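As structure tokens, the structure follows; a few thoughts come after it.
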Amino acid sequence: MGKTLGELAAFLGGELRGPADLVVRGLAPVDQATPEDLTFIAHPRFARLGETTRAGAVIVSPQWAALDKPLIVVEHPYLAYARVAALFARARPGWTGISDQAHLGAEVKLGRDVAIAPLVFLGEGVCLGDRVTLMPGCYIGPEAIIGDDTYLAPNVTIHERCRVGARVVIHSGAVIGTDGFGFIPTPEGQLKIPQLGTVVIEDEAEIGANVTIDRGALGETRVGRGVKIDNLVQVAHNVELGEHTVIAAQAGIAGSTKIGKWVGLGGQVGLVGHIKVGDRTQIGAQAGVTNSVPPDQVLLGTPAWPLKETHRIWASWHTLPELYRRVRKMEQQLADLTATLERKSET
Amino acid sequence: MGKTLGELAAFLGGELRGPADLVVRGLAPVDQATPEDLTFIAHPRFARLGETTRAGAVIVSPQWAALDKPLIVVEHPYLAYARVAALFARARPGWTGISDQAHLGAEVKLGRDVAIAPLVFLGEGVCLGDRVTLMPGCYIGPEAIIGDDTYLAPNVTIHERCRVGARVVIHSGAVIGTDGFGFIPTPEGQLKIPQLGTVVIEDEAEIGANVTIDRGALGETRVGRGVKIDNLVQVAHNVELGEHTVIAAQAGIAGSTKIGKWVGLGGQVGLVGHIKVGDRTQIGAQAGVTNSVPPDQVLLGTPAWPLKETHRIWASWHTLPELYRRVRKMEQQLADLTATLERKSET
Amino acid sequence: MGKTLGELAAFLGGELRGPADLVVRGLAPVDQATPEDLTFIAHPRFARLGETTRAGAVIVSPQWAALDKPLIVVEHPYLAYARVAALFARARPGWTGISDQAHLGAEVKLGRDVAIAPLVFLGEGVCLGDRVTLMPGCYIGPEAIIGDDTYLAPNVTIHERCRVGARVVIHSGAVIGTDGFGFIPTPEGQLKIPQLGTVVIEDEAEIGANVTIDRGALGETRVGRGVKIDNLVQVAHNVELGEHTVIAAQAGIAGSTKIGKWVGLGGQVGLVGHIKVGDRTQIGAQAGVTNSVPPDQVLLGTPAWPLKETHRIWASWHTLPELYRRVRKMEQQLADLTATLERKSET
């Protein structure tokens, strides 16, 4: 598993400053690396640790190229780290062939080299592309379609007729295509609105553990190409997520909301239903968004306002008790002044 | 699967304005419907789309009965839509009989026509009513009881001795009857309070995907008849939810809190433990409720106050920086006035 | 299953006031107990219920020792209740031996008396300590290690190479060791940062249902000894949780944040990444923490401030509309005063 510094510098298109034949066997944080590890400095915060790191070699930007260590100098060390990590990563656990402890429904269509682990259930008419991997405990509902090279971690549920693209990763415990939440109160109780739609997950999306994505009431809930969703996120029925949007853990998006491309939602963010969020907008952690947002905004707070304004508001709360004191003091002063003036008038 | 407009108008008790023998084959949103689809207009927002819809026929209220299309005119188009959707809905995926890839513990009691899919585990003494469906990956703990016609989606966990009523639906990944969260700090660490109780889910409830409902510490956690719970909701030990209450995604209810009937909790709402929420009260998304609430309230915000007040408060934040400027300005004016007066007194 | 009051008093080291041979068969809340039950009064709130309880006997503190009932008097009734509950608790559901409906990968190492239920999957090289219990639907990834006496409830997922200590309990639906959430935006889309690390869960920890704990990007995510995590909590990559810390439901902790010992996080709390929370600090429900916090603090609110300050701020919001009115009124008074003075000057 070792790589020479020469190989790595070539792979990264970086400048080698050190012995090309030095071998590193792993990748480690700057403060934990051993002489057998490669490390990297991607943030000024960690720069001074570079001087004391025990790492065998360091990936740095030109800014820190003076470091007295074997170096690979690149423009973007964090990006280089991601690329080297992919070299050192082991393959995800898989399976070979189709386990006879899996259940395959009638008329399933299987691509080439699919991997179906034990304890997997495929409903009738499921269609799997080439090299799909289904880990133990996965359930794929009738007529669901899964694209080439897609990987489902253990205990994933994909409901009937949902469509998952190619090169998608879905993590454990995620539930795709469960009923949307629609009820109408009637004198007899909550009347269920049957959820007739589906979920479509486009190519290269990645869905976190224990995420829930509801099927459309009518039509589709859609997760765009390359979207990345962290754990425990709720995506309600008929939501649309534009390409390359990123959603942090525990965020929730209510029904029919449309989110643009390259949007970022922070952890625990909540969006009401039936709004639109423009491309590239960033929404900070725990924000509550109740209105549509244009492109290229940065919002924070509940209710969500532009970042600067929310910071101003938060700062102002901090001194609110003092403001009350100042107002009270002025009221007294005013009363005194008024009384003084009245006395003067009377005299 | 086609239905004639005549059939549908009769089913809905609506007024037919168009050819009774026109056949529609599906239900679709007004802006996506094809000539083979029925659609509906339930909100003024969508009314103008009625004029351009390609739908074969439209369900409308008397208000939009002038539309130049085959129509079914009803008092409540949204309700009519829900009822028609049920006509067009396919049956949930199921299973026939008892799979020999399921595990049945000793002394299980099975009603008539139960459906037990492969990869299901029933503990000892489990009791299933008639026509219960257990989809793949479900675990039913010892001595749990499940009522007639209840449907458990794939990968649901029901712990020992919990009782689930009739006609209940539990979605994938839900965990019913896990230990409540109770610990006492001691010098040696957190001492666990054993959770001896159970969960009772009454008839016609519906529980969302990846919901967690804890068993009582002593006694029961109770989900009332017809309660509807969205995905990723946390219901702590000894909580009680009154009939027909509706809880949106990612809400959390702490221990021993009692919620009345027909209550609505928005997404990401948090309620502390040991409080009461009165019947029909509505609590807006992301609110944090720290005190008991009488019936028929509408609350919002953290901490939660009546909707109007929270809106007033939120509006006031928006202008807080300006308020600070105004107060500073007045302080200056007051100082000037006082100085002026003092000068006058001196003269 | 009955116990005599004498036995129980001796077990608790309490003072018996009543017949030593009185038998109780269960433990129940003060307002629901029957004459066959033992109950307890641990909070003044429930004291008056002691007079009307039907319980056969009551655990009380010296303060309520005058109650006219068979009593066990102890210093800490709540602690005594927890200890008695352990006596009355039934064993968790288990399994005997290794089911032939489980899948065991090559080269698994099994301790003595392990219990592996049907529908369990063990990857290659998994190592289980003595008396480990794996309930149905559990997945243990390759080379994961699980310590003695650890119990995994149904449908738990432990990913490859993670290490779980001894006497740990992990509840249903929890996912341990899923990929951390790390992507770098590039013109072609979000580039995944491979997550090469693992998760370490130390002895006596307890992890709630549907919790997600991500593996380190490099290095470990670590859950300290005796940590207790409630349901639906998110623990991101490289987080460290100190010993005996307690985290309530739906809290979320972003990447690389380090939390001390004996810390308490309330429900739905959110912590940003790369901060430190000192030992024994308590953070109230729904708080949003964006900066490091010293030891022994009590924080609340978003953004989080010391409890007292947040309470002052919340109280001040409540009267903000009134403050606006007061400021407007003063502005008017000031204007009037100024005008009056000017008129005087002119005269």
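The first chain written gets the first letter, and so on, giving A, B and C; residue counts start at 1 in each chain.
One rule holds in what follows: a contact is a pair of C-beta atoms (placed from the backbone, for glycine too) under 8 Å apart; a residue touches a chain by one contact, two chains touch by 3 or more.
If you're wondering where the values come from, they're calculated on a predicted model, not measured in any experiment.
Colleague: Specify, for the interface formed by the sequence copies chain A and chain C, whether it is same or different in terms of residue numbers shared by both sides, with half as the dividing line.
Modeller: Different: when the shared numbers are divided by all numbers used, the fraction is under half.
Colleague: Can you report the angle of the rotation that maps chain B onto chain C, using C-alpha atoms only, to the nearest 5 degrees?
Modeller: Result for this pair is 120 degrees.
Colleague: Averaging only over C-alpha atoms, locate the centres of chain A and chain C and give their separation in whole Å.
Modeller: So the centroids are 24 Å from each other.
Colleague: Mark out which residues of chain B touch at least two other chains, giving numbers and ranges.
Modeller: Residues 119, 137, 155, 173, 210, 232, 250, 268, 302, 317, 320, 323, 327, 330, 334, 337, 341 of chain B touch two or more partner chains.
Colleague: In their shared complex, at which residues does chain C touch chain A?
Modeller: 103, 119, 121, 123, 137, 139, 141-142, 155, 157, 159-160, 173, 175, 178-179, 181-186, 189-194, 196, 210, 212, 214, 217-219, 232, 234, 236, 250, 252, 254, 268, 270, 272, 288, 302-303, 305, 309, 312-313, 316-317, 319-320, 323, 326-327, 330, 333-334, 337, 340-341
Colleague: Report the residues of chain A in contact with chain C in the complex, numbered from low to high.
Modeller: Listed in rising order, the residues of chain A that touch chain C are 27-29, 32, 78-79, 81-83, 85-86, 88-89, 93, 99, 101, 117-119, 135-137, 153-155, 169, 171-173, 204, 206, 208-210, 225-226, 228, 230-232, 243-244, 246, 248-250, 262, 267-268, 285-286, 302, 314, 317-318, 320-321, 323-324, 327, 330-331, 334, 337-338, 341.
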